[in-house]
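In the two complexes below, chain A is the common chain; its partner is chain B in one and chain C in the other.
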Partner chain A sequence: MTELLSVQNLKTSFMTREGEVESVRGVSFDIQQGEVVGIVGESGSGKSITAKSLLGLIQPPGVIKEGKVLFHGQDLRQMTEPQLRAIRGNQIAMIFQDPMTSLNPVIRVGAQMIEVLRRHQKLDKAGARQRAIEMLREVGIPSPEQRIDQYPHEFSGGMRQRVMIAMALSCKPELLIADEPTTALDVTIQAQILNLMKQLRDATNTSILLITHDLGVVAQVCTRVIVMYGGMIMEEGTVEDIFERPSHPYTQGLLRSIPRVKEGQRERLVSIEGTPPNLLHPPTGCPFMERCPHAMDKCREMPPYFVPEEGHRSLCWLLSSDMQQQKREQEGDEQ
Partner chain B sequence: MNRMRWRNVKTQFKEQKMGIVALIVLGIFIIAAVFAFLAPHDPNKIVVTERLLPPSAAHWFGTDDNGRDYFARALYGGRVSLSVGFFAMIVAVVVGTTVGAVSGYFGGAMDNILMRFVDVLMSIPSFFLMLILNAYLKPGISTIVIIIGLLSWMSIARIVRAETLSVKEREYVLYARVSGQSNFKIITKHIVPSILPTIIVSATINIASAILMESSLSFLGLGIQQPNSSWGSMLNNAQGYIGDAPYMALFPGIFILVTVLSFNFLGDVFRVAFEPKVNRR
Partner chain C sequence: MSTKNEVLLDVRNLKKYFPTGSSGFGREKKVLKAVDDISFHIHKGETFGLVGESGCGKSTTGRSIVRLHEVTDGEVWFDGVNVAQMNEKGLKPFRKRMQTIFQDPYSSLNPSMNVAQLIREPMEIHGFGSKKDQHDRVLELLEKVGLKPEHVDRYPHEFSGGQRQRISIARALSVNPEFILCDEPISALDVSVQAQVVNMLEDLQGEFGLTYLFIAHDLSMVRHISNRIGVMYLGKLVEIAPSDELYTHPAHPYTQALLSAIPIPDPKAAALDTGMLKGDLPSPMAEMNGCKFSSRCPFATEQCRQEQPEMKEISPGHFVACHL
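And now, the complex of A and B:
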């Protein structure tokens, strides 16, 4: 496995009238070839801004202040617009949350697909059309020969998301960034789309960066998970690490707040108290401190990443060797 | 433009009878202007013996102070007035749409500079600017077209900019960027087509005001020069004979009025048709 994308210390801010809103505050992560990485976090945690920053899609008043985005070892941030344009849609594709609005309502679906293909794959009109039809068939759209000449409003939501996926994958990208691809869809369609993405990943070995707030989705398709909060990565690890041995109180809180159905039992849904930090004046210490049940004095200082096991890191003082020692002692006392 | 919108235009025409009337009137005027050469008389042929004749079977609209057939002159004048209106509108729409779309799409400093420029142009009374420019430039149809066009694009630019600001936030525009489309293509393929209805509405209204401007300029003797005529210059000419031959003022005056009114009605129909929910009355 080789590193496809490496993000290093990415910082993105929005210059508003009230001041600088630090949406992404130093995010670093890697994506390997063929991997499905999930970024989870609540609204405003910076996950979508991170994704948009990768492709240089931040528009004023937003600014990427710092950081590197290495794609095959080349920094996307150093590239000129034309160079970036050659990569966007070709090597890195992106799909969005709302398939209702991602397609231009006044242009036929086929024409939109063909345009992308012609630009990147240097196909002629007939060839691009042929390829577009194949892609539509691949994502499970019945009678693609006819559907290709229809307008977006003639497709259902799920079908449109299939079209978007077909469009995104038509140039065989190496990385697909999916920004909440299933949020706007109902649950049955959601499962279908996730399965489709998994199938296509297996068939093409495309890496996927999946951005979502739905832990269920993450558990279904991802191999690795990044938990974001307040513009920072709180915890990162494999799906097993995160779901079975969450080490960060925020992740633990998130997992507890998933509604569970138990027979004959009525439980109150657990939620994390409080609200996310104001990124206009971000806290200097741990961003989760205000809401953390384990908060202590030390949390006013920004913790470093601790590594409880290989490939698993967590931004929390609880994992420092002192604290671990204390914990062990306490457990010893109890026994 | 999709089919839905055209269907709306059709139903709107059915609902608003004035729209159909306006369309028919304009149709007649345009056909008359195109086929002006079929007029029974030469518009510029001076017959001194037939000065200031009232309307009759031989001269439908009478004759003017030089004994020229007024009907033929009105036809040719309509040709000038309508084409000046049309071409000035084209100039204004092209400049206005370009400036508005670029300003709205790129935002930031570009937006600021362009929009302040628009503000400055809008704060100069354009009619006086027109008078001054006209004094320096060689009078003629193309000069008038360019002057009117270049002084009336600002409001279109503002409207287009505002619409662009909202359209560029749509996800398909973002998607187009994500899929590597160039800015030029995004503007021409995604932004301008989505705001075409707005452009059509302001273009229609713009024709009306361009015709009015041309008439005013010609009325002041600064527009179309003799022996050519436009409705405005015919009015100017009619001034001196208002007591003897009131029909000389009446015909071009009515034509200007009806044309401008029709374009305004048409603009209204388009506006309601393109935004059926917002503007239903």
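And now, the complex of A and C:
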């Protein structure tokens, strides 16, 4: 496997009247070819801003302050706007949460797709139209020959998201960034869209970066998971690591707050009390400290990443060798 | 519990149609049958969940019951009185007993009122005690919903989504209602905050003996909170059953499809099963003779397309509208 994308120490802030809001505070991760990586987190955790920063889609007052975004080893942040534009939509495509606002309402769906194809794939008009129809068929839109000449409002929410996916994939990108692609859709439609993304991944070996708040979606489609909180990565690991052996108290709390569907049991939900930190004045220590049931004095100091097993890292002092030693001793006493 | 068997709300053949403009010269008025002849009841102290995809009529049902909509036809018996066709004056005492919590905590609270005013407003409308009593009650309610007394003179924009929903709940509780319509109260909230609000709703139900109609599209949360659940599809109730029964033995093909589409937060669980359901919801404007689900149902027969199925009881308390 080769590294397709490598993000290093990314920091993005918003300069507001009240001061600097540090939305993304030093995020680093890699994406390999053909991988589906999920970023999960609650609103305000910095997951969407991270995704937008990758393609330089941050609007003022937002600023990318630091960091590298290496795509095939080249830093996207050093590129000029025309260079970036050649990559955006071509090698890296992005789909957004709201398919209603990401399509131009006064331009026919086909024309929007053809524009993308002609710009990036250098196809002629007829060829681009043919390809657009093929793409629509591939994402499961019935009678694409007619549909291509309709306007976005004539499509349902699920269909519009299909159009967005068709458009995003029409140039065979190497990386697809999907920012909450199914959040606005009903479950049955969501299931169809997720399956579609998986099929396309299998067929084209496109890497996917999926941003979502739905842990169910992550478990179903991702191979690796990044858990964000307070603008930082709290934990990263394979889906099995995260769902079966979550090591960060935040991940554990998040998993416990989903109702478990088991017969005959109606357990009280375990909620995480309190609210996320204000990133206008982010805490200098662990961002989860205030809500953490295991918080201790040491947490005022920012923990480093600990690696409980290969490919699995966690930003928590509980995993330091001292604490692990203590835990083992305690367990030993109990037995 | 004896109270469990007492019916608080009995909805019979409820219909809500919306006229949707005329097609050509005003001769043929089209109607949208948002809620088309549904019946169910809710016991005292019970939580009844209503689920379905967007556009199925679940919110319209809720709003018709608390009379935020005029009812086209049918009866809504609340504690032995039919409120479906009642005028506004007659309704006022019932408005106090039936309260609503809405989905969007950002638009359902007046941004120019502070917390004390927001919570006090229902009490003022319904003439609840003196100014002093009202103020004491505001403080008491704030504590109940986990907010602090110093929050009273803050405005909605100073609160997070979860906190706003707590204010909405305090506001609904201020007039001692018996029935609360929860219209997607947690859909706009983050997972960890959803759990806080659901736990609180459960605690309050225990404390005040409240009856809930809980409308949502998040099926796992509905199962958690509801005693019984009704599944809606295009204005029709297709299945009603006790929660666990519905999830373990879904009888209607639509319920089965809906349940199989929930992403399970466990990577070992079987992959999403979408073999069953293809395509989108048909337009609710389209006239259909038979079962409304027949166009998407993998088991549909000629009978399904011709004849509307009736609700049948297949096991105690489990009703299904399906020919199969």
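Everything below uses one rule, namely that the second predicted complex is superposed on the first by the 335 of 335 C-alpha atoms of A that agree within 3 Å, B and C clash if a C-alpha of one lies under 4 Å from a C-alpha of the other, contacts with A are read in each partner's own complex, and residues count from 1 in each chain.
Throughout what follows, a residue touches a chain if its C-beta (ideal position, glycine included) is under 8 Å from a C-beta of that chain, and two chains touch if they have at least 3 such contacts.
Not measured: the values here are computed from a predicted model.
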Fit or clash between chain C and chain B when superposed on chain A: fit
Partner chain(s) touched by A:Arg224 [first = chain B, second = chain C, both, neither]: neither
First (chain B), second (chain C), both or neither touched by A:Asn195: second
Vertex chain A, arms to chain B and chain C (CA centres, degrees, nearest 10): 80
Contacts of A:Ile258 with chain B and chain C, given as first, second, both or neither: second
Chain B versus chain C as contact partner of A:Arg25, first or second or both or neither: neither
Which superposed partner A:Leu269 touches (first chain B, second chain C, both, neither): second
Chain touching more of chain A, residue-wise (chain B, chain C): C
Closest Cα approach, chain C to chain B, once both complexes are overlaid on chain A (Å): 13
Overlap of chain C and chain B interfaces on chain A (superposed complexes): none
Interfacial residue positions of chain B with respect to chain A in the complex: 1-2, 107-108, 170-172, 174-182, 189-190, 193-194
Residue ranges of chain C in contact with chain A within the complex: 53-54, 160-163, 190-196, 198-199, 202, 217, 219-221, 223-224, 244, 247-248, 257-258, 260-267, 269, 271-274, 277-281
Chain C partner contacts - residues on chain A that touch it in the complex: 42-43, 140, 142, 156, 158-159, 186-192, 194-195, 213-220, 239-240, 243-244, 253-255, 257-259, 261, 263-264, 266, 268-273, 275
Contacting residues of chain A [partner chain B, same complex]: 55, 57, 59-60, 84-90, 93-94, 96-98, 101-107, 115-116, 119-120, 151, 164, 167-168
